[in-house]
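Read from first to last, the chains carry the letters A, B, C and D; within each, the first residue is number 1.
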Amino acid sequence: VPRLLLQPGSHFPPDPPLDTHKYRQGSLLLVAGSAAYAGAAVLAGLGARSSGAGMVTMVVPTGLKPLIHTVLPEVLVHAWEGIPTLPPGKSPAKGFQALAVGPGLGETRLPVLEVLLRDWTGIPWVMDADGLNVLAELGVEHLRGRGIRAILTPHLGEFRRLFPRIPLSDRIEAAQQAASQSGAVVVFKGSRTVIAAPSGQCWVNPASTPALARGGSGDVLTGLIGGLLARWGGTGSPIDESILLRCACAGVWWHAQTALQLAKERGLTGVDPARLAEHLPQALRTLRQEQVIRY
Amino acid sequence: VPRLLLQPGSHFPPDPPLDTHKYRQGSLLLVAGSAAYAGAAVLAGLGARSSGAGMVTMVVPTGLKPLIHTVLPEVLVHAWEGIPTLPPGKSPAKGFQALAVGPGLGETRLPVLEVLLRDWTGIPWVMDADGLNVLAELGVEHLRGRGIRAILTPHLGEFRRLFPRIPLSDRIEAAQQAASQSGAVVVFKGSRTVIAAPSGQCWVNPASTPALARGGSGDVLTGLIGGLLARWGGTGSPIDESILLRCACAGVWWHAQTALQLAKERGLTGVDPARLAEHLPQALRTLRQEQVIRY
Amino acid sequence: VPRLLLQPGSHFPPDPPLDTHKYRQGSLLLVAGSAAYAGAAVLAGLGARSSGAGMVTMVVPTGLKPLIHTVLPEVLVHAWEGIPTLPPGKSPAKGFQALAVGPGLGETRLPVLEVLLRDWTGIPWVMDADGLNVLAELGVEHLRGRGIRAILTPHLGEFRRLFPRIPLSDRIEAAQQAASQSGAVVVFKGSRTVIAAPSGQCWVNPASTPALARGGSGDVLTGLIGGLLARWGGTGSPIDESILLRCACAGVWWHAQTALQLAKERGLTGVDPARLAEHLPQALRTLRQEQVIRY
Amino acid sequence: VPRLLLQPGSHFPPDPPLDTHKYRQGSLLLVAGSAAYAGAAVLAGLGARSSGAGMVTMVVPTGLKPLIHTVLPEVLVHAWEGIPTLPPGKSPAKGFQALAVGPGLGETRLPVLEVLLRDWTGIPWVMDADGLNVLAELGVEHLRGRGIRAILTPHLGEFRRLFPRIPLSDRIEAAQQAASQSGAVVVFKGSRTVIAAPSGQCWVNPASTPALARGGSGDVLTGLIGGLLARWGGTGSPIDESILLRCACAGVWWHAQTALQLAKERGLTGVDPARLAEHLPQALRTLRQEQVIRY
């Protein structure tokens, strides 16, 4: 089993060319939130904002629109009823480059996922939380059956529901089996998050902090990875397994490094998810500068 | 009468292990707010956020949900109707580790308390404000009768209503009598807050500031102590009188030290309760660092 | 005509004693805002927050409650219908120590003022904006007729409506005549704000900045002066002309000095009223520190 | 073809005199937003705030009022129904000095523009986004037909719709032809934004950053240019082509320089439009200080 430490530099989308414009910086569709779990949509949106994607469009229940407009004024917001439809299998020309789905979907998760599985198979997905729970109900084989390129980001409980037959004695082997079984890149979250691809490649996040062990941290990660996927898509590169893997690795590493930096500044109890999301850009700037200084 | 100064180091929950996850960092149920006193719920929630608890769930009137989602997106929010029920006496496996109740309940305080007193006796409580006022109406003996482990945080007016026969000539003796009579840890708030346990142990907060003498400061403290209780619960330790006392001491000391630090930075008039709550983590980091440097 | 420069040190309420509590730090009733001018209520509330008053209660139209709770969670909010009534002439025991009225009242200004003029004459007032406009309609002599101790804070247009017969060739003399005629302390706002009392005392604010020449700056000042009045009331001092004058002077000076400091930090275009209000405490801390260093 | 680099110092409105007041600092009417695109109105409002205009009034659909009051309490807000009418051709005495229209108008753009084109021709306009789209439908010649002095700020897609016959091989020549054809100052947005006037004058923004390549950046620019127009109007200068050109140049340069500075501080992904808008004043202060130091 190959076990690699992360070398983050090469995992990020290339810096944008000087003459880029917003439609080339990646357009993300983020489907999240419900009346019961509205905050999860906000946190995923904040994560997407900090990814640097050119455009973020959120699909939420109608009642959540004022909330999103207040916290995320640059986000375009559609109501559930307004999920744009795409002919299955077609590439979304001038449309979205990635889909993030799951945080806080609550009771509406099943009808939402059915629409997405039918019409939105042409762009790469990142799935989390209630998205994973409904996938566990439908059967994880649906992804491969529809030809969806996906990143799944389960924590322990979600992993058990998605992959009930995979033994958990070794988390790295478990993630690799899950990737192989689902055909998706699997981000098995924990204190040492494992990222595994169907081809067998596997990475472990080298450093993290207990400050991330609180509700909402994962929602930020979903939005962040979604935004990175969209940015890669915006470059025109075909989004194959290698790019999915880079997005997953870059997102997990960036998220954890930001939490480490914020915990150092504000203490272990000061890393609430909204603040974590807002600190992502600045942390990356510091991390890159430090790399420049060192090498 | 034993009178001790606070030694805060040993009163905080132990630092989380590296492999912790959100369900082990403490799950708090916070019942607060009403149409008339919505802000109190926000402030208690901000205090709970800064405690570092892994999960915070708030129960508020339906109309307050957008407000909570806007300010506290990581918080799960249920409507009054949705107070989860627990079989009385059972330990809340995989559920909540602590209950904080009281800030801003207003006119709905009686029916809410009746549900909690019936079904939520298995986990430790912190009670404040309207929670204390309804307890005064029902009779403080209800707590002991139900076997509830509780921290009560009255200011002078609430103390008088709760314990009308206890003389107030000596605040320390008054707090000790109140603890003895109620079977609860009593935090008698004032410029020199007294913390007394039924066993006779008693502490005085050594330093504070008039900057805390404004509406809302107490709501922040309630959420903070609640979060500390949940964190202790998350470690698996049984929550006995000793732990209740530590949470009350740690909360009172942290709250006052933060106000002192913030008043130094922003002046006496700059310590509004929301800012106080947001400054808690950073203040603790500084306080701990200073201890490390000194000793 | 006596013309004095401001000596701000002696105009502020005395620093609170160490054993103060929120009910002794001043309780302000702020009546402001309407559906059309909701933001004015927010800005006045932010000014009141920064005054350091122990309790701020706002009376607004029902529809504005969520807005106030979001921005000012420590504020108690009542709907128009809920203006507490006081027997005329009685001192408000355990109640409010000051009333601020006017910003953004809009079309409801007349009925609101009628209630206040009938029932709220026992505590000192600060009036601004639409409060002044309706007073101009009713006749400024109403204040003296009701025995109300008041501070009026007109800008040029409002001054003209309130005192149509007073010539404006000399702003200082105009303010003095207005104070004499109305029996109120008059704050005649402008680039060199004049503060005049009925007894003939008169002050000129020594320094200000064009950064204050924008909508909303005045709303902040109203809340700030109201909070200072409440703080003086909380000390138990009788609120006579001398105290009204000190509150007006302290408020005008603090407001302008904060704008000067903020303009230096953020530039002339960066002094929006909400930021101005939030910077008040920190500016005062700096100003006092500088005084300590200098003398 | 004259091609000049920007010399920003002389393009800004003169610093306000010490005895200015809010009605002389410029009053802007900003018409933006719709149920579907509410955030665009917020961002344009934040841009207008940072311009330093004395008064900003926004016209939005009724449902957006709470959102605007929460984020921009100093702004006066009217509902669509409440667009103030002016006799065509009259100068707006004591009224507004400029109109900004377009961001996020959505489906209501046509009826809104019809009212504005009928009654609001007396003050200068800046048009963007959906304002430009409806102008493309109506025909760009409407502006000249009505005698409206205007700044148009199209990006590539909007430019194509507005000027379908102008070839795009040379962006500078294209902008100049567009200005000549429309009689308006044209801001052709891109990585090297071109500003062209009908008289043939033409400017290129010398430096920018890919951090601006995200949804919402343009809305901020619209509000900013609108505020600068209003400030020039407040000085009493007649708003001729020369002033339109200065406002467009100053706005584009200030916006880009702020993004450059913010990207340096917070990294390329940290320049979300709301933060960009809030950083405008501070960036200008720094830029001016640096000029003072250098020369």
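To be clear about the criterion, a contact is a pair of C-beta atoms (placed from the backbone, for glycine too) under 8 Å apart; a residue touches a chain by one contact, two chains touch by 3 or more.
All figures in this text were calculated on a predicted structure; none of them were measured in a lab.
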* To do: Identify the chains in contact with chain A as well as chain B, in label order.
  => none
* Lowest number of touching-chain links that must be crossed from chain A to chain D -> 1
* **Fitted rotation between chain B and its twin chain C in degrees, CA, nearest 5** => 90
* Can you name the chain that lies farthest from chain A, using the mean of each chain's Cα atoms as its centre? -> C
* Interface residue identity across copies chain C, chain D - same or different by half -> different
* Asked: For chain C and chain D, what's the span in angstrom between their mean Cα positions?
  -> 35
* With chain centres taken as the means of their Cα atoms, state the distance from chain A to chain C in Å. => 50
* Out of chain D, which residues touch more than one other chain, so two or more? -> 66, 70
* **Pairs of chains satisfying the touch condition** => A-B, A-D, B-C, C-D
* Contacting residues of chain B [partner chain A, same complex] -> 15-22, 24-25, 49-56, 65-66, 68-70, 72-78, 280-282, 284-285, 288
* Complex interface listing, chain C residues touching chain D -> 35-40, 42-43, 46, 64, 66-67, 70-71, 155-156, 190-192, 208, 210-211, 213-217, 265-274
